[in-house]
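Some structures to go through are shown next.
Here chain A shows up in two complexes: once beside chain B, once beside chain C.
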Partner chain A sequence: MIPTTARTLSDDMSKRVLSLERLHVSFFTDAGELAVVRDVSLSVSAGETLALVGESGCGKSVTALATMGLLDHPGRIVAGDITLGDDVISGFSEPQMRKVRGARIGMIFQEPMTSLNPVFTIGRQLAEVLRLHRGHDDRAARLASLALLERVRIPAALERLRQYPHELSGGMKQRIMIAMAIACEPQLLIADEPTTALDVTIQAQILELLDELQKDLGMAVILITHNLGVVAQYAQRVAVMYAGEIVEQAPVTELFADPRHPYTQALLQSLPGTVDPGRQLNVIQGTVPTPREFPAGCRFATRCGEVLSRCASDVPPASRHGGNHVFSCWQRMESTS
Partner chain B sequence: MSTAALLEVRDLAKHFALRRGLLGRPSGWIKAVDGVSFHVREGETLALVGESGCGKTTTGRAVLRLIEPSSGSVTFDGQELLKLNAGDLQRMRRDIQIVFQDPYSSLNPRMTVGNIVGEALRVHGIARGAELNERVAHILERVGLSPDFRHRYAHEFSGGQRQRVGIARALAMAPRFIVCDEAVSALDVSIQAQVINLLKDLQDEYRLAYLFITHDLNVVRHIAQRVAVMYLGRIVETAGTDELFDNPRHPYTRALLAANPLPDPSSPRPRALRGDVPSPLTPPPGCAFHPRCAEALAHCDRQTPTWIQIARRHGVACHLHQNTSRQGDDEIPDG
Partner chain C sequence: MHAQDSSTGSLIAHTESPWRLFWQLLQRDRLAMAGLGILLALAVVALLGKATTEWLVIFDPTTVRLVDKFRAPLSEASALLPDADRPLTGVYLLGTDELGRDVFARMLQGSFVSMSIGFVAVGISIAVGVVLGGIAGYYGEVRIGPVTVDTLIMRFTDAMLCIPIFFLILVVVALLPASIYNIMIVIGLTRWMGISRFVRAEFLSLREQDFVLAARALGLPAYRIIFWHMMPNAMAPVLVTATIGVATAILTESALSFLGFGVQPPFATWGNILADGKNFIFDAPWLFFIPGFAIFVIVLAFNLLGEGMREALNPKLQRR
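Here is the complex of A and B:
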């Protein structure tokens, strides 16, 4: 059992695109500091998809926003480094980050409806991205926009450029968002619940497209989702978050076949389909604590079925299980060592 | 049919008029629900699945007459609901309840949980005063909430707790039939499991019948005995749950199942169905699915497929199965 950080996790350091090292994010409210993300370390390499999975309020979106430099007041990074390529971007100023976003980090969000401006045509919004980041003039932007729409497999591209967001279906809008996100061929794509608002057949189209683009462009992808089916099918590695911490990180097949952390185990066992139809599903008792109620030690201690006396007070260190499988749990650490 | 259906829906249709023009004439019709038939037995769960815009939510509301259907028939326990006057309908509604998807917008923020759950009991004059309080406390306890919660407001609770309040409200009248409209879709996995178990327990305890409207196929497989698949206002296939998942016959059902990502890395990658759901304003002629169908025949774009009962409990509306009809079938068609 060797304590470890993300540094020791990646197979190929030279392909490393992004790494978070012991990241802590707090929200400073009138009622005091809320430690919403605690000691998060992860990395993702070129061509790799890392799924960041967890339930609402687990800190997965806050982690993504911190990575993109988009944390709003009262949120702030209080410790840790975010490294993109050779740059420690957590120390970047806002003007520096503005050049990173869009150009080196592409982003897509859950609601394509709210991410597109309803009063401008698709063509104008795409052209703006290209002018801003690539310095294209009108003509070049138009040609590049057409090429992008074809790349995300939007039929009748010329016609689409003249349309407004409300004239397009949800799936089409998400394709436009993807076109904007990849316009500058970023090293890293952060996709925050990209298919949650879409129907299952459209979800499959969008994830297939993302997969294809990733192969073409060699991007690193962070796929944020609560859907374990999407994780199982589209990620190579998985980081499971609970109450602001990564409780377990492993290659996808290993995580589903041999989960170590009691939360991961309980989450997988609570899925419909794990027991015979009609039987009682396994449940995790209680609800996720709010940041104000986070236990001082392991944050899952209040709901864990295998809690030890030290769990509530002492933070469990990250432990290794085999090659690149890491988890943080006192009980499992002691039972395996 | 083995036992009489509790709810029987025949040729239900809901056509919405589009922007009325001069002299109040509609400029077009959206056929949100276009001739839907199914039944639900006592103690049974029928899942109504399909993608957004397929008409499943409109169907659920039309059954309860929360939306007035354009035509068709809905009988509950032998009584035709669509012919009831307002008073009789209100009495009938004790037996028929609904749980909505969004526990954030379906509970009145100005009412205490106690008032939300007890409102129907009060309105119907079933209980008041101390008895009302006692019944509300009992129902809250039954859905796993502390009876003390009745003095608090919905916004003080998490999504899972609010959904329990929504279920408690539906249960208050001791109904026999509940429409669950995406009732667990907005919930996190660990909370979803709790609520699914609760719905199942309540069904066993009170012999409740559910019309379970959802897009989540994994939940369907767990909770439903039978499934009806909708596409663009019509039911395209119905079967027992296992039969539907193991032996889907309609190309749309197959596509839907193939697109569903299973939480198992060794299972095959989802296959995407091409194209978008067409607008219900201009549904494709013939079989509405034909523009997206990989197996479409020459006449699929002209002829509307008729309902074919291919086995006792398995029906499909598809030209591919035109010659596989079972003869001498005693089962009332499900679709």
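Here is the complex of A and C:
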């Protein structure tokens, strides 16, 4: 087994929309540098959905924000490249990034209830994006907003444009957020836990809508979630993150059928349904270490059941398993080779 | 509630903006509405006063009539007066002062000056307070050298708060020519600290809200996020403070005029009418009480309205 740079993960290079290459993000606090995201490489192609899964605080959202150029002080990209289409956007200035955000990358958030400005009507908020990136005048923006609302299946669109966010339900607001995110037909849509705050029936509708829009627009989608059920249904590929690192990346079917990394295995085994009813579910012992306590080597070393002596000190390289399956684990690397 | 999501839009209520909700709540507060009514009436009086004493002189505040000194309110003009100097109806509605000037005309003229000083001064302090508070709140963590923007701006605010403002104004007014504009500017530039603190506090909580992140994710420039998206959400306490601030500014101007540092003659303001009147308080009490009462009414009206707005903007009451 040869360690690879994760570059070659996606098969079709020409359709690649976004790639992160060896991305490191640190937060510079008074207590020193916290390496929150370490050596993250991933890519998505047009029409493809990449699911980014992991526990809360594992760096999924930080990775997404870094991609958008929205990391707040004291966070900063310390190494690595972010490439969107042919542009290395990690080197872009803020004014350049503003032309990327909303136009070439759309983003939707976890909390639709608070993601819209409470003092403006839906119509004004939608029109603002169109005016900004498309240079529409009022009339053109209005027509385009109507078309967008219909596109995200909002009934009585004309009336909705005049309404304020507090008059709409959570599912409706999330549809409007989606409409705003796709207003300029972006190449990439980042959905940061888009359904976590919604109830189950609405979740399915929203995900179906995203799926459909993706097919229509040929967008690449990064779906951030901790719901493995959602992953299985809507993603083509999965990247599993743990403590700021991608521990395993594979096509969906392969990841569920043949997980390599002990963390992925433990995660899948802890799902309900893996043990007989009435018996206790499997758990992963311990908690995710805080960034201050990250081990120098494999960050899962403190909780791993199959830890080797070198795990705590040496960072495991990415190894390939089959065509598109990459993972980082000393134990598995040695047992397969 | 989520179940309505997929239903057709048959249940759409009429649109209610947050401002309309606020207005509906405010309308229930009788004292606030009384305050608003008085203020609107006074605003009309002030505009009419400007028009009828300066542009189209119906009431002349400057005519000196030495034969008609210290006439009590509602007394008739002396028959000795030349026709050109007679007041409009031949009656001094609010009496005359020590130079025989018509107090009603002077009060009319003064109402515009006093109110415009109040509004312009507050306008200046809102502009300064909102910009400084907004920048401190939004760019709080950004460092300039060893200190953060927030520290820089807010410590400056604290420093301004430490200065006894009234004496600062006295010093500045003593050094500058005491024109209306200088007084407006001086009062405005020394009363913004409360507003900048409010706005900063609001911005600190707004900055963490998802809609701000969403606006950034749409590629909006920072100035647009600060002034277009965040500011309206931070305006509620500012409005309340500003309303009460107009009253304070009018009082400050009156106090300055009373001490002789305010707007200088021949411009009449309620403050300097009051100041002139104090010398004759026993001989001609109306010279003292009429402007005093006017100041009392306008300050009370602004305070009632401000309190009412504070109540109406209280989210606990909005739920009903």
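Here, the second predicted complex is superposed on the first by the 337 of 337 C-alpha atoms of A that agree within 3 Å, B and C clash if a C-alpha of one lies under 4 Å from a C-alpha of the other, contacts with A are read in each partner's own complex, and residues count from 1 in each chain.
The working rule: a contact is a pair of C-beta atoms (placed from the backbone, for glycine too) under 8 Å apart; a residue touches a chain by one contact, two chains touch by 3 or more.
Note that the structure is predicted; figures quoted are calculated from it, not measured.
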Practice problem: Answer with first, second, both or neither: which of chain B and chain C does A:M172 touch in the superposed model? | Solution: both
Quiz item: Can A:P74 be said to touch chain B (first), chain C (second), both, or neither?
Solution: second
Exercise. Could you say whether A:I202 touches chain B, chain C, both of them, or neither, answering first, second, both or neither?
Key: both
Self-check item: Contacts of A:A232 with chain B and chain C, given as first, second, both or neither
Solution: first
Quiz prompt | Which superposed partner A:S115 touches (first chain B, second chain C, both, neither) | solution = second
Exercise. Check the residue A:S319 against both partner chains and state whether it touches chain B (first), chain C (second), both, or neither.
Key: neither
Quiz item: Which partner does A:S43 reach: the first (chain B), the second (chain C), both, or neither?
Solution: neither
Practice problem: Go through chain A and flag every residue that touches chain B in one model and chain C in the other. | Solution: 169-172, 199, 201-202, 205
Self-check item: Residues of chain A that touch chain B when the two form their complex
Solution: 55-56, 169-172, 199-205, 207-208, 226-234, 252-253, 256, 266-268, 270-273, 275, 277-278, 280-284, 287-288
Exercise. Enumerate the contact residues on chain B facing chain A in the complex.
Key: 51-52, 158-161, 188-194, 196-197, 200, 215, 217-219, 221-223, 241-242, 255-256, 258-267, 269-274, 276-277
Self-check item: Residues of chain C that touch chain A when the two form their complex
Solution: 1-9, 12-13, 15-19, 141-142, 209-211, 213-221, 229, 232-233
Quiz item: Once bound in the complex, which stretches of chain A touch chain C?
Solution: 68, 70, 72-74, 97-103, 106-107, 109-111, 114-121, 128-129, 132-133, 155-156, 159-160, 162-164, 166-167, 169-172, 177, 180-181, 198-199, 201-202, 205
